[in-house]
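Following: one structure in C-alpha cells, then a few remarks.
Should a chain be cited, it is by its letter among A, B, C, D, E, F, G, H, I, J, K and L, assigned in written order, with residues numbered from 1 in that chain.
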Amino acid sequence: MPDAVYKKIEVTGTSSTGQDEAIQNAIAKASQTIKNMRWFEVVESRGNIKDGKVDQYQVTLKIGFRLDG
Amino acid sequence: MPDAVYKKIEVTGTSSTGQDEAIQNAIAKASQTIKNMRWFEVVESRGNIKDGKVDQYQVTLKIGFRLDG
Amino acid sequence: MPDAVYKKIEVTGTSSTGQDEAIQNAIAKASQTIKNMRWFEVVESRGNIKDGKVDQYQVTLKIGFRLDG
Amino acid sequence: MPDAVYKKIEVTGTSSTGQDEAIQNAIAKASQTIKNMRWFEVVESRGNIKDGKVDQYQVTLKIGFRLDG
Amino acid sequence: MPDAVYKKIEVTGTSSTGQDEAIQNAIAKASQTIKNMRWFEVVESRGNIKDGKVDQYQVTLKIGFRLDG
Amino acid sequence: MPDAVYKKIEVTGTSSTGQDEAIQNAIAKASQTIKNMRWFEVVESRGNIKDGKVDQYQVTLKIGFRLDG
Amino acid sequence: MPDAVYKKIEVTGTSSTGQDEAIQNAIAKASQTIKNMRWFEVVESRGNIKDGKVDQYQVTLKIGFRLDG
Amino acid sequence: MPDAVYKKIEVTGTSSTGQDEAIQNAIAKASQTIKNMRWFEVVESRGNIKDGKVDQYQVTLKIGFRLDG
Amino acid sequence: MPDAVYKKIEVTGTSSTGQDEAIQNAIAKASQTIKNMRWFEVVESRGNIKDGKVDQYQVTLKIGFRLDG
Amino acid sequence: MPDAVYKKIEVTGTSSTGQDEAIQNAIAKASQTIKNMRWFEVVESRGNIKDGKVDQYQVTLKIGFRLDG
Amino acid sequence: MPDAVYKKIEVTGTSSTGQDEAIQNAIAKASQTIKNMRWFEVVESRGNIKDGKVDQYQVTLKIGFRLDG
Amino acid sequence: MPDAVYKKIEVTGTSSTGQDEAIQNAIAKASQTIKNMRWFEVVESRGNIKDGKVDQYQVTLKIGFRLDG
C-alpha cells in the first residue's frame, strides 16, 4: 500500500426519516465537492423535537478522503 | 433571543423494531408530562438478546426542554 | 439472583442496508458459537463509502453472555 | 418485552463507612419517592478528607426506573 | 457529617453577555423551584451564531442539591 | 425543516482579556470567509503564561455552518 | 524482562454483598479456564435494584493474562 | 469564602483487603507530608492477580489540599 | 529547540467574580513557588452555590512549567 | 462487499526497543493462533521503568479479524 | 502576543515503517497546500495487518495553523 | 505484597527524533530528582511544526513511583 494521506472533515446530515438517512444525506452532500471519500465515523447523534415528536434526526460524521498523490 | 433556561432529562426508550423507533418511543412517553421539548441527544445505545437475536433496542437520550419564563 | 459471571466480547457487524441490520448480523454470527447471550452495547458506528455513497455500515458491539455455572 | 420507557436520575449517596454503603444510602433515599427502580450505574466516586482521614465517601449513581405505562 | 443524599439535575443557562452570566441565569432559574442547592459542574459550553457574531452563550451545568432528610 | 447539511470546522481564538473574547475573536475571524454560521461548541480552553500571569487565553471551538442547498 | 505478550478479556462479576466480592467472583470464575492471570482493571460498576434496595452489584473488569511463550 | 487555591496530587493506594482500604491507605500516607487535605476523587481502580485470586487492590486518587494563604 | 522537559501540576483557583479570575488566581498563587511556567489547560469548571446564587467559581487547571536544564 | 462479521480482541505487546516493536510483537504473537487479522487500534501505551530508564514499552491494541463465513 | 486565530484540520498519515514516519508523512503532505502550520496533536493510532504483520501504520493528527491576519 | 503507596506525576518530554526518545528524555530528567520510579503511562502526544516539518515531538507521561515506607 502506498503511503497515502487522508483528510477527515466533520459534517452533520439531517433527515426527518431516521439516522441512516441522515448519514446518507451528509455523504451525498459532501460528494458534490469531495472526491475519493473512503470511510465515515459517527461522532454524534441528536435531533430536534417539535410538538412532542422527532422533527429531525441530526447525525454528525467524520468523513475520510484520500488527498491526491 | 431571550435568556431562556432549559432542563435536560435522561430517558431510555425501547423498541423491538429498531433504534429510531426506540428514540421515538422515548420522546412520545416524555411528551405525556413535559411541554416545550426542543432537542434530544443520544447518549447510549444498547439492547437485550434472546434466543440469539435482538429482543429489544434500548436507546438512552438526553431531552432538553424550555423552563417556563 | 445467583452470582453469575458474564463475559463480554467485541464484534463488528456489517450491512449495506443500515445500522440496525449491522447489529443483527453481528449477533446472528456470534450466536453460531456462543450460548446464553444476554445483552449488547453499541461502542462504535462507522462505515465504508464508495462512489460517493454509503457502501457498508459497520457497527461494533460488546456482547455479554453468561458463563456456565 | 413491552416497549417500556425508563427515566434515569443522578443521585449522590454519602457514607462514613465505605463506597458500598454510600450506594445503598442513595438508593434507600430515592426509594422514598420513586417506584419501579430497576438498575444503577456508578458515575463518580469521591469524598471528603478531615484530619488526614476519609471523612465521607460520596458515590454518584444514575438510577433507572420504569415510567408507568 | 450526616449521611446526606444529593440529587443532580442538568440545566442549560443562556446569555447574550458571556459564559459566567449564562451560569448565573441557570442557577437563578433553578432557585425558583429548588432549595438547598450546593454546587454546580460545567458540562458543556456552546452557543448560537448570528450575522457572524455570538448571539447567545449556552452553558450546561449539573446542579447538586441536598434532598430533605 | 429541510434536510440541510452542515459542516463543522475547528478554530482556536485567542485573547489577552478573557475566554469570552477569545470565542468572539475566533468567530469574527471565521466570518470573514464563511457564511451561514449557526452554532459553536467549546472543545478546549487553555492559554499561555508569561511572567507568572495569563498572557493569552486560547479557546478552541467547533463552528457549524450550513452548506448551500 | 522478556517480550511477553498479554491478552485482556472483559468479564462482569456479580455479588449481592458488595463491589469487592463482585471483583473476586469474576476472577474466581475466570481462573477456572485461564492461567497466568496478572492484573485487572475496573471498567464499569453498576447493579440491579429490587424492592428499593441493591439486589446485585455488577462490576466489569478487564483481566490481563500472559500468553504462553 | 476567601479565594483559596488548591493543589491536586495523584496517589495510588494499595490493599489486600478491598478498595475502601486502598483509599484509606493512600490518604494516610499522604497525610504524613501534606496538610489541609480536603477531598479525594477516585480516578482508577485496578489490581494484581496471583494464583487466580485478587492479590492487591490498587486505587488511584486525586487528592485536593489548600495551599497556604 | 532544545529537548526541554516540562512538568504539569494540577491547581484549582477560586473566585467570586468569574471563571477568568479563578484562572488568574490559580496562576498567581502557583507563581509564588514555581518558575518558568509556560502554559495552562482548563480541566474542570465548577463552583459553590449559596442562597440560590453562585458563591464561588472553581476552575481546575493543569499548569506546565519547564524543569531546569 | 459481503456482510462480513469481525471480532476484536485486546492484546498487550511489549518491547525493550520501542512502541512500534511492541505493536509488532503483539501482532506476531496473535498471528500464531488467529487468521484473517485485518486491522489494529492502539488503545493504551505505557511501560515499566527500572534504574531510572525505560525497561519495557507496553502497547495495548485492539486487533480486528474476520470471522469465517 | 497579537490575538491570532488558528484553524485545526484532521489528517491521517500512513507509513509502512512506523508511527513517527506516519506523522511526518501527514505533515509533509499538508505542507504542500497549507502555510503557517504550528503544532500537531495525535488523536488516533491504528493500522492495517496483512499476512500476520503490520502492513501500514495510520496515525491521525490534528494540525493547527495560523490564519492570515 | 506490602501495602505500598505510589505517587504519579505528569511530565512532558521532548525530542526532535521521535516519540520513543521523548519518553526516554522525560524519564531521564525525572530520574535526577525522583527515586523508585516504577511505570509510565502515555497521556498525550503532540509536537511543534516548523517550515512544514516536525520540529519537536512532545509526549506527556504520568510517571508512578513508590513513596518511602
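To be clear about the criterion, a residue touches a chain if its C-beta (ideal position, glycine included) is under 8 Å from a C-beta of that chain, and two chains touch if they have at least 3 such contacts.
Keep in mind the model is a prediction, meaning the values are calculated, not measured.
*Asks:* Chains shared as neighbours by chain G and chain K?
*Replies:* J
*Asks:* Measuring between Cα centroids, what's the chain most distant from chain B?
*Replies:* L
*Asks:* What is the distance, in whole Å, between the centres of chain C and chain E, each centre taken as the mean of its C-alpha atoms?
*Replies:* Inter-chain centre distance comes to 38 Å.
*Asks:* Averaged over CA atoms, how far is the centre of chain G from the centre of chain L? Could you give it in whole Å?
*Replies:* Distance between chain centres, rounded to whole Å: 30 Å.
*Asks:* Please work out the Cα centroid separation of chain C and chain J, and write it as a whole number of Å.
*Replies:* Between these chains, centre-to-centre, one finds 21 Å.
*Asks:* What is the distance in Å between the mean C-alpha positions of chain D and chain K?
*Replies:* Here the centre of chain K sits 43 Å away from the centre of chain D.
*Asks:* In chain E, which residues are in touch with two or more of the other chains?
*Replies:* 9-10, 19, 30, 48
*Asks:* If I apply the definition of touch given earlier, which pairs of chains qualify?
*Replies:* A-B, A-C, A-F, A-K, B-C, B-D, B-E, C-G, C-J, D-E, D-G, D-H, E-F, E-I, F-I, F-K, G-H, G-J, H-I, H-L, I-L, J-K, J-L, K-L
*Asks:* State the interface residues of chain I toward chain E in the complex, per the touch definition above.
*Replies:* It comes out as residues 18-19, 44-49, 52-54, 57.
*Asks:* Quick check: in the complex, which residue numbers of chain A touch chain K?
*Replies:* 1, 3-10, 62, 64, 67
*Asks:* What residues on chain L touch chain J, complex-wise?
*Replies:* 19-20, 23-24, 27-28, 30-31, 37-42, 63
*Asks:* Going by the contact rule set out above, which residues of chain G touch chain C in the complex?
*Replies:* Within the complex, chain G contacts chain C at residues 9-16, 22, 25-26, 29-30, 48, 55-56, 60.
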